[in-house]
Amino acid sequence: MDFQAILSNLLSPMILGFLLGVTATLLKSDLKFPEELYLSLTIYLLIAIGLKGGYKLSLVPFSAVYKPLGMAILIGSLIPVWSFFILRRLGKFDVPNAAAIAAHYGSVSAATFSATLAFLDEHETSYEGFMPGLLAVLEVPAILIAIFLAKSLDRSGKTGSLREVMRELLTSKSTILLVGCLAIGLLAGKSGWEQVAPFFDAPFRGVLMLFLLEAGLVTGRRLSDLKRVGFFLIGFGIAMPILHAVLGLIVAKWSGLSMGGAMIFAALMASASYIAAPAACRVALPQASPTYYLTASLAVTFPFNIIFGLPIYYELAEWLYNH
Amino acid sequence: MRTFPLKLVTIIADEALERKLVADIKRLGAKGYTVGKAHGEGAKGERISEWEGENLRLETIVSESVAEKILTHLASEYFPNYTIIAYLSDVAVLRGDKFV
Amino acid sequence: MRTFPLKLVTIIADEALERKLVADIKRLGAKGYTVGKAHGEGAKGERISEWEGENLRLETIVSESVAEKILTHLASEYFPNYTIIAYLSDVAVLRGDKFV
Amino acid sequence: MDFQAILSNLLSPMILGFLLGVTATLLKSDLKFPEELYLSLTIYLLIAIGLKGGYKLSLVPFSAVYKPLGMAILIGSLIPVWSFFILRRLGKFDVPNAAAIAAHYGSVSAATFSATLAFLDEHETSYEGFMPGLLAVLEVPAILIAIFLAKSLDRSGKTGSLREVMRELLTSKSTILLVGCLAIGLLAGKSGWEQVAPFFDAPFRGVLMLFLLEAGLVTGRRLSDLKRVGFFLIGFGIAMPILHAVLGLIVAKWSGLSMGGAMIFAALMASASYIAAPAACRVALPQASPTYYLTASLAVTFPFNIIFGLPIYYELAEWLYNH
Amino acid sequence: MRTFPLKLVTIIADEALERKLVADIKRLGAKGYTVGKAHGEGAKGERISEWEGENLRLETIVSESVAEKILTHLASEYFPNYTIIAYLSDVAVLRGDKFV
Amino acid sequence: MDFQAILSNLLSPMILGFLLGVTATLLKSDLKFPEELYLSLTIYLLIAIGLKGGYKLSLVPFSAVYKPLGMAILIGSLIPVWSFFILRRLGKFDVPNAAAIAAHYGSVSAATFSATLAFLDEHETSYEGFMPGLLAVLEVPAILIAIFLAKSLDRSGKTGSLREVMRELLTSKSTILLVGCLAIGLLAGKSGWEQVAPFFDAPFRGVLMLFLLEAGLVTGRRLSDLKRVGFFLIGFGIAMPILHAVLGLIVAKWSGLSMGGAMIFAALMASASYIAAPAACRVALPQASPTYYLTASLAVTFPFNIIFGLPIYYELAEWLYNH
């Protein structure tokens, strides 16, 4: 493994911003972002990803999309299943907690996705423009499957109806913004994109740095929960992303994606949700404890992915595509 | 000024429950409600506000019997699983008919 | 600890009324007040928050007689036209002289 | 009528953003903008319009301004009068509601104005730089006149004093920001403008898209009120803008404005207020119901103007200026 | 529905005091608390919100004896210097053991 | 004194924005920025200053830094001492109020610093890139010293512990963001800076204008307190900045700073804190009245510095460096 790559990733302003956020919390700083700023940054990132993805999608032939899309949905649907059984058997988690954690690892993270785009831009590696489409599509199925598993196995009746959950997920903030802005980017085309690019493209990485600083603040507050979640979950939060990334790389190459596209595909598989899944679990699986699912996804997997994961997956992708 | 004695039910709960709670208290007879933002700490420890959302503080002025129904419903449907507390207090309102 | 019984007047109203309400309750004898943001639903249906502004939740601790005056004033000047409700409750404060 | 023009307008990211907002609400999505974001976007748009208008005003001779300015005030003062009587006679509205609706249609909308600027930029049509001055000037008189009408006719004493209303309008957020930033732009000139342009000019259309997305969310929530307001008000909300736009175009040409300027003039006349008028009516005409005035202006006239109105007025302007 | 009578202590204070206040009321026996934002006016005049920060409105449901301790502590440690008021009211809660 | 310079500074959009804010408050306008917008703007400015400073620091030899840094800390530690005694003896203030005011004048203002950068950019005067480092370092010591003075002289026991205060200051929002982002800028270097510059550099002066508009709104509300604070404090708020600026210029030249650097050094010395010091005094010196310390720093010194101070210090710096 090339430590140069990890080090150079560590020195990007985005990762440093994240680490600053973590440090600030550990120092018990009063630095806090207003909730509204965080929400606004999230809205901005989702719209920016969607618009640019839609615009790029309008440039490439649509035929290239089917295979990776189908494979993404397939793997995205299987991840929660095996994650659930690993968590039940090896991790000894009860049904609601295992399902909630599985939902997070099957779903995807727009923040990790954004960091991957910034990483590839920095490495001047090109990628397919339609990847935001995968991000949009992958958010939902894993959560539904995990909640379905929990409901089939736990008949206490305390979980919300699956239909309701599905409706809420399909109309959730992130789905609406991603899918809607993909469509807008596609319909508005080049001239449309050029009108909004000075706001949604040029400042993207700066805004992402701000966002990751806030993510660091939140992650920092979760770190103290690490001891409570136990070694198993920490190991799970590192091993599963690597596994899913490797799987993702192989499938992506088979689907005909470019190296950059494969890297994004892998990062999506490796990532754990932080918007849609927690929101869904709070309502549909209230017996599951945020201490487990949020700590694993925010304090373990998210930092692992953006700090170590990205350069590792990139090395693996290079290796895979040059052999 | 003639005032009418009624009950104020205050519910502090996870913000994600707003829709559900509002639907439920209306069904049980509340004619209106007021919601503000809050954060706090209880048995489940401090909420990590932004990423999980904050708490809400819902108030509804109702008759004693509706208050009773709301509390009973909360106790059976919400208390076992959700981050929620609720309490009653006595208030005097003008135009009592508006609330019952 | 010696406490003094006083009245807490809570007013929930259209945010646009803040200046007017504050001026009025001060004129009627309130020595202070506290305002928070809220949204809600009542007879007039849900407010469409952002574009119209939200509700406010104003609290003022006053003597019984000032409370009476405030309620009477609200009932005649505000209730017929504005989105507003008000209610009284009993509170016990330290340093009662601060509020009367 | 050229449907191409309407279609091409429909495909601009701003209009699509608006439609996405409406769709999200109809789908009962939980997508919501923090109130503070909406307020911040409004502040940004008003400042950006003011600064650029002031700077452009500093470039052109001031003599060209008097005529269109005078005519704008004249029409702006007459619109609420005839609107009021139409609403009373034909619409059978009571005095407060008729006055409140008339106030909205006589006043103007900064959002419609912004969309018009973006529309003209996209069509590479130039316009006079001082148009934001008209926007600033037109906001207030119609509201005062409408409230004055209500007070003269309704002596129940439940309305606030006219003087108070005038003071509040003249010092309202939108007046202060527009007039103040016009003055700043004028005084700071080219070198001043260049210092702030990277923030207030380049990203303008992107921010506008974000703003219109939020406008769509609010409009969507109003749509369900359409059945309550009745056919008369819906017809009113479409017919009056067209009438006022045609009137505006003719007067604008007579006043010596360029085609682009005439288009903006027409759009201002056609637009209905959404900041100043609702704020004033809530306090000064509390008996009037927001269901009527907000639904008409937000759910009927605003979308009509930015989706269909702009291309129609543009066609009409072209026709008028080439004959 | 069986409810338990308890005390609701409401504290309105300078936002900067949140950490200190929360630490103190916990030490004195409060099992939880809820905080919302507010602004207001009192003896010291209106606060200039943004640059100085706003007020907070902290509520904690406690037993009568803890309420007494909290008020006594506030009166000696906070009232002389800080922008703060506090009052007690009676509430009825479900699951009284959660709060004592 | 060259009135041209003052006039031309007055016509910058930033200063005009500030004056617009003051005017709006005097007109009792309802214009108000959401608190969250103000907090977000502050966060933006601190990060932007830090990142750019860190990046520029990565370009210059570090050896040039020691002397000005040491002198800055020295003067920054002495200012509160003499200010305290002047306020006690001549101003007849009690211990807590004298200490609180002294803390404000010894500490520094990021807003004044930002305005100075914009001023120098406008005058195309270059400066040392490490100046944000001085800003970061100067915030804390004066406050500690002032609070220490108050504690030594007032044994009533009502003040918080000095250790606690120090911890809070060192981990305060502004210290963390400034120091942290300086480090990020330094570590991320040129390629890192270029990734975030479209967000943190190009729009800087536009955002600053927005920020100063809000600062004007707050200052305006303080103006009515001017009569309460008395002539002494108003004179103090003007005389001390000039004194400190002159001292700063001389020391800066002696330390080997360029003219631009000396100007910033002087402006820092002249400035009075508005983030860290009020926050610290509210908690550690609750007996001190904000009417004094905030009115002096916000309604007197801050406007004086950015409107009259900057051009005056610039003239003085030119004079000093050309003789």
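Note that the chains are named A, B, C, D, E and F in the order they appear, and that numbering of residues resets to 1 at the start of each chain.
Everything below uses one rule, namely that a contact is a pair of C-beta atoms (placed from the backbone, for glycine too) under 8 Å apart; a residue touches a chain by one contact, two chains touch by 3 or more.
No experiment lies behind these values; they were computed from the predicted model shown.
Colleague: Name the chain whose C-alpha centroid is farthest from the C-alpha centroid of chain C.
Modeller: That would be chain A.
Colleague: Where centres are the averaged C-alpha coordinates, which chain has the largest centre distance to chain D?
Modeller: In terms of C-alpha centroids, the chain at the greatest distance from chain D is E.
Colleague: Would you mind reporting the rotation angle for the C-alpha fit of chain B onto chain E, rounded to the nearest 5 degrees?
Modeller: To bring chain B onto chain E, one rotates by 120 degrees.
Colleague: Could you classify the chain D-chain F contact as same or different, where same means more than half of all interface residue numbers appear on both copies?
Modeller: The interface of chain D with chain F is built from mostly unshared positions.
Colleague: Could you work out how far the Cα centre of chain A sits from that of chain D, in whole Å?
Modeller: 41
Colleague: For chain D and chain E, what's the span in angstrom between their mean Cα positions?
Modeller: That pair's centroid distance is 46 Å.
Colleague: Find the geometric centre of each of chain B and chain C from their Cα atoms only, then give the gap between the two centres in Å, rounded to an integer.
Modeller: For chain B versus chain C, the centre distance works out to 20 Å.
Colleague: Can you compute the centre-to-centre distance for chain A and chain B, using the mean CA position of each chain? Integer Å is fine.
Modeller: Here the centre of chain B sits 35 Å away from the centre of chain A.
Colleague: Quick one: which residues in chain D touch 2 or more of the other chains?
Modeller: 33-36, 39-40, 203 - these are the residues of chain D that touch more than one other chain.
Colleague: Would you mind listing the residues of chain B that make contact with two or more other chains?
Modeller: 36-37, 89-90, in rising order.
Colleague: Which chains touch which?
Modeller: All chain pairs meeting the touch criterion are A-B, A-D, A-F, B-C, B-E, C-D, C-E, D-F, E-F.
Colleague: In their shared complex, at which residues does chain D touch chain C?
Modeller: Touching chain C: residues 33, 35, 38-39, 158, 214, 218, 221-222, 274, 278-279, 282-283, 286-287, 290, 294, 298 of chain D.
Colleague: Give every residue of chain F touching chain A within the complex, in rising order.
Modeller: Listed in rising order, the residues of chain F that touch chain A are 34-36, 39-40, 43-44, 47, 51, 167-168, 170-173, 176-177, 180-181, 183-185, 187-189, 191-193, 195-200, 203.
Colleague: Which bits of chain F are touching chain D when the two form their complex?
Modeller: 11-14, 16-17, 20, 23-24, 27-37, 40, 118, 121-122, 202-207, 209-210, 213
Colleague: Going by the contact rule at the top, pick out the chain B residues touching chain E in the complex.
Modeller: 10, 12, 36-43, 55, 57, 68, 71-72, 74-75, 79, 85-90
Colleague: Mind pulling up the chain C residues that touch chain E in the complex?
Modeller: Residues 1, 3, 6, 8, 22, 31-37, 61, 89-95, 98 of chain C touch chain E in their complex.
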